[in-house]
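Next come two complexes, and both contain subunit A; in the first it sits with subunit B, in the second with subunit C.
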Partner chain A sequence: MNRYLPLAITALAILAMATLFLVIAPGMQIGAQGPSPGLNPYTEAEARGRDVYVSMGCLYCHSQQPRSIAQAPDAERGWGRASVAGDYAYDNPHQLGTMRTGPDLMDIGDRLPSQGWQLTHLYQPRAISSWSIMPAYPYLFEHKDKADPGDVVVKLPPAYAPKTGVIVAKQDALDLVTYLQGMKRQYAPPADGLRDDGYALIAAEQQKQTDAAKASN
Partner chain B sequence: MMSDKMKKDPRLPDETFEPFEETRRIPLPVYWIAIALAIWGVFMLVETSHSTQVADKARAQLDKQEQTKTAQVSAPDPAAGKALFSDNCATCHGDAGEGVAGAFPPLHGSDVVKLGGAQAVTEIVMRGIGGPLNVNGESYDGEMPAFGSVLSDKEISEIASYVATGLNDGTKTISASEVADIRKVSGDMDPWNGGAELAGLINGLPAQPDAKTPAAKGPDAKLVAQLVNEGTDTVWSCASCHGEKGEGLETVPRLAGLPAAYLVKQLHDFQKGARFNDSMAYVAKGLSDREIIDLANYYAGMSSPSGATPSLQGDLKRGAQLAKEGDWSIGVPACFTCHGPSGIGVAPEFPGIAAQQPSYVAHQLAMWAGGARHNSPLGLMAGISKALSDADRRSVADYLASLPPVPGSKPADMVAMTTSASAAKESSNDQ
Partner chain C sequence: MQITETLGLLLALSFIISLLALTILIWAIANKQVHTPDADDARSIFTPGEGAEIDTPDKPHHFDTERSGIDQVSASPVMWLIAAAVFWLIYGSLHGLAASLELHLPDLMSGAAQMTFGRMRTVHLNSVAYGWASQAGLAAVFWIIPRIFHTKLRMVGMVKLGIVLWNIGVAAGVMAIANGWTDGLEWLEIPWQIDIVLALGAACFVAPLISTTKHREVHHIYVSGWYFLAAVLWFPVLFIIANIPGVHHGVEQATMNWWYAHNVLGLWLTPLGVGTAYYFIPKIIGKPIYSYAVSLVGFWALALFYSQVGIHHLIGGPVPTWLVTLSVVHSVMMFVPVIAVAINQHVTVARNLWALKESMPLRFIWFGALSYTAASFQGSIEALRSVNTITHFTHYTVGHAHLGAYAFVSLVLMGAIYQIVPRATGKYFPFPRLIAWHFWLNVIGFAVYFLSLTIGGVLQGLAQLDATKPFADSVILLKPYLEGRSLGGGLMTLGHVLLAINLIALGFAKKTRETETDNMVAAE
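Coming up: the complex of A and B.
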């Protein structure tokens, strides 16, 4: 070992290359994009709800990145169109997630817009789907003898309802649901939006070309 | 000391010796591999950038569709009008607007068109029409869907101008901005109530039959509105998922205008577990038989604009082919043979599928193919769904989403308490 300098320079150069191509260049590309037209900044309640989403760690089981038709049948599942970079413009930190233990939530506000459903489901997922493995979040709710004016009472089937009194949602639960209801990504994606469409699109395009060539012969 | 001693011993290796290697040339194959890797890298870079270009094109097209919907170009183009007519109107009124005796009135030589011109055609296309109507002395009593929510002002102006001047010998066309003015006034109104209401629009229209008065709202109207908008202590409101106007969204289906008997059967099937959906099973279990019938009648009678847009990147041409002609090479009959012209449904068994949410349709077809939805009479849809490929399912779903919505059912097709009790029994016999 007597050539420390060239070794160190090479190592740094490799690191710099990787940083340039994996961090700086994409950062510039995405930074120039700005928010997708049609995407609104979070309202105050939605922003609070997002904080609840982050602190509850929903990300560990739910992704927020529907894939394109070429990669997965996400659109058919009702999970929405493939997302583009601009869709996350107001997300810091983003909640892309990698696990799909539960369904993708990017477009949940279009698919399950009901506040009532969301509250019941957060209080006790098993009240709706007996097989659900999602944890219940009873501590986002309060057991009261009687609902006060302005309280949102959670609708529950007899098997899960308390024997007396009612279950009402705490502010955190209401905010979280407001955030989920606002997750609507059905607006048309910008034509120059960045996204990974995989190789199947190329295959489809090539197929079209060969079909056209065959038809013209 | 030790080392000195050992150094002196010639049999032992020299401890201070540094191993050393002459610089040797890097073997040629290594260069080849490096060059090949670099070329491959460049090639992949070009390939993948091609991938985003393809997607850009697809998205640009989506954008264009969105724009043409709102674009305002005047001077209607007669060739475009003819093409739009055969895409949108010919399934019912015939290729040359000749009509079908007793079912669909003619447009060629129709006194309605002759007297009302492009203006009246626009009004009818925008709002749709249902109920008793006399055309050229023949009486009709059908339902025509409202195209206002699926055709742009420009498209309607081209169709109306073509019907007035191409199919008939009128001279006056209508411009997109005039159509826009009509849309502002009547875009949201219910369909024309037969010839009686039309007579107020068109001067000198020959005598028209009396309009049917819409069924009086039952005493339960308030209870139904409560269920729809607020729900009960245990059940969420229908509108919170199915939309204010029953138009649906994504995997939540459009309910407006589906046959009442069909809706009753589906709700009973969710209740009994014959059709699976956790959310709807929960809802249906919380409803009484009476409530189910009232809700079914409420949604069946609803006329509301389309809430669907093609969103699955399906091939609309292929979708139109499957819907109108079917594809015998894979054994699929035309969807419209059962689901009615233009997919508006045939009460009581065949639900309307026009303007249904595309994600919902594709999802249901996939569920029939996989066996998860198996409550259909005679398994008709299962066989069809299995024959369709993944891409076909998306294509037909997207095409259906581009159609004008199913109009509200006639009072005659509503379900009464007694008939539905027996209908429920029948459907339990199916199982």
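Coming up: the complex of A and C.
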């Protein structure tokens, strides 16, 4: 290759093709589906809590995308049904995640709905699970001599409780827990919901072959 | 199930276009319809009489006067870029090491939000991706492009302005992330307001390169030039589309996210690393690239296939099936360009193994080139549904990412730094033995790092697929492997410190040898 312009134009054309296939076409298909029926926009407190979730980087250890039964036992773990594109219609930024150092949180509001549990766990995860490697978030809480009216006091086992006074949740912690409590996907997914059905298709194909083999015996 | 006819057609179309384009290219090469780069073209990086022996600081390849003047012009922006890159390498490595420690010592640094894992890890990624690898890669670009075009770098002031803007952008970006201001997408965390500064910086890099290209005094554009010139166009397009606020949301944003994130590797860092290796391997050895015509297939196949692999990060997720399949197929097709590059680079080194003993920079670059082959093969296999279901949400992926971005890109660029700096400054590195120490610390450290995460990741994935095991099992079994990763990461960081020590000491050292430029003046 000896000329610059053809090189530049072809290189950019190839990127344009990739953008068409990876961003524009799926964007149109997903956009046409709209939000899943039954999905509600975030409340103000949930949206604030979601901002805390994003800013603390929870994404880097927790996914929000349960896999199908054909692929993995996510549903058996109580992480919820396989999600579809419409379940995320109100998410910006999306927090699908690519790592499960911790469990999936798509349905955490169903699995662990208690505010008290969540607050204790955020203040010190090891107060609940000795094996946990999740960070503690003491700066989302305040150490006070005694709780004022309206304060939410965090229940702690003696090993993690302060010697005097109480630990109360700051607004950020309360909002974050409100967001987590709202993470429920109790409605049925739309019949035409978009998701990667590759594993289900493979499983169905294998089933068909097993059945055929049995029938021919 | 959800593959509608139109979309199935789209999927087939993308694959067929790519395959057809590649077939036409190979046919054209075989039938001499296009000018096939030949051995003479491969020699274009040498001047007459040059080569045939090792290019080391005490035995440099002889330079014609014109070329020596070329290096002198690029030297100062290149040294700025190298200094900034190494700063971000150290800064990023320390954050990576801290984040790694936090995963097995969770209460070590929980005093402040700035030090929580989710932020430390993100500061690490942005420091090393945009601060270190991008700038070290640009240093190689600004050094190599004028050399292969036999003309001096144009618009040097603009390049320097770009360096200032870029570093302001990276610094502001990581400060924002540490303090909780983030756009919240992997690889795109730096807030879009700050991204404007980075985009302006990028523009200041692109214009001088195009101008230099226009003034080139060679007929043939050497292969490194294809990779570099394409990459500096690809990156700004990717960066700007991905960061426009208010356009992307929901799952569409997730597909855009991985289109961007994988293309930053495939169409930005990879071309920088591959292009650098394509120049320095033959240049240091003194022999042209083996089977140069193959490089054409390698380049275009990389562009066609690598650009469409990103959605393998969403396998099994809430995205259309056809889209996932498209990326899986293209991931596997990546064998084509990778094998082409492997033939070019590995055979050239294998026929001249003696040179590895003579040249430390070559040793870094050769290790990096081998890692490119390994990382790409691993990536192709990892994208298969059967393998991905185990590795997808595990630390195996982190190991793979570091095989690509670290063992490949970073080691090539470290080799390039060791090769460029003595020529740009006219000074020897004051502690040559530290260079060997750096190499072995990185290689051994990385081996520990990679094996820990690869084995730990597979076990983690298998445990999570086993419905009879509680989730806790996958965390508990991982701990020794996370400790192994910290050990490996510590050794790697130590290696980087040795590079920084050598560079700083060189900065304070007096000129230890005459540069080619001095020779030139003396000859006149």
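Here are a few things to note about the model shown:
The working rule: the second predicted complex is superposed on the first by the 194 of 217 C-alpha atoms of A that agree within 3 Å, B and C clash if a C-alpha of one lies under 4 Å from a C-alpha of the other, contacts with A are read in each partner's own complex, and residues count from 1 in each chain.
In this text, contacts are C-beta pairs under 8 Å (C-beta built on N, C-alpha and C of every residue); 3 or more make two chains touch, one makes a residue touch a chain.
In this text, all values refer to a predicted model and were calculated from it rather than measured experimentally.
Put subunit B and subunit C next to each other and count what each touches on subunit A; the higher total goes to C.
In the superposition on chain A, A:Ser129 makes contact with both subunit B and subunit C. Within the superposed three-chain model, A:Leu156 lies in touch with subunit B and out of touch with subunit C [touch as defined at top].
Touch criterion met: A:Ala89 reaches subunit C, while subunit B stays clear of it. Once the two complexes are laid over each other on the shared chain, residue contacts for A:Thr164 go to neither subunit B nor subunit C.
When the shared chain is aligned, subunit C comes close enough to touch A:Ala11, but subunit B does not.
When the two structures are aligned on the shared chain, A:Met56 is found in touch with subunit C, with no touch to subunit B. Legend: residue contacts after superposition of the two complexes on their common chain; A:Asp192 is shown touching both subunit B and subunit C. Once the two complexes are laid over each other on the shared chain, residue contacts for A:Glu76 go to subunit B and to subunit C alike. In the superposed model, A:Thr120 makes contact with subunit B only, not with subunit C.
Subunit A uses residues 68, 73, 76-77, 129, 192-195, 197-199, 201-202 to touch subunit B in one structure and subunit C in the other. Of all residues in subunit A, those touching subunit C in their complex are 1-4, 7-8, 10-12, 14-15, 17-19, 21-23, 25-27, 29-31, 54-61, 63, 65, 67-68, 71-73, 76-77, 82-85, 87-103, 125-126, 129, 131-139, 192-202.
Considering their complex, residues 1-2, 7, 10, 14, 17, 35, 37, 102-104, 106-107, 110-113, 116-119, 121-122, 180-186, 210, 213-214, 219-221, 226, 229-230, 233-234, 237-238, 241, 248-259, 263, 267, 296, 300, 303-304, 307-308, 310-311, 313-321, 323-327, 385, 389, 392-395, 397-398, 464-467, 471-472, 474-476, 478-479, 482 of subunit C touch subunit A. Those residues of subunit A whose C-beta lies close enough to touch subunit B in the complex are 68-69, 73, 75-78, 80-81, 107, 110-117, 120, 127-129, 153, 155-158, 161, 186, 188-195, 197-199, 201-202, 205. Every residue of subunit B that touches subunit A in the complex is listed here, in rising order: 47, 50-52, 54-56, 58-60, 62-63, 66, 231-237, 240-241, 249-252, 278-279, 282, 285-286, 311-313, 359-360, 362-363, 366, 390, 393-394.
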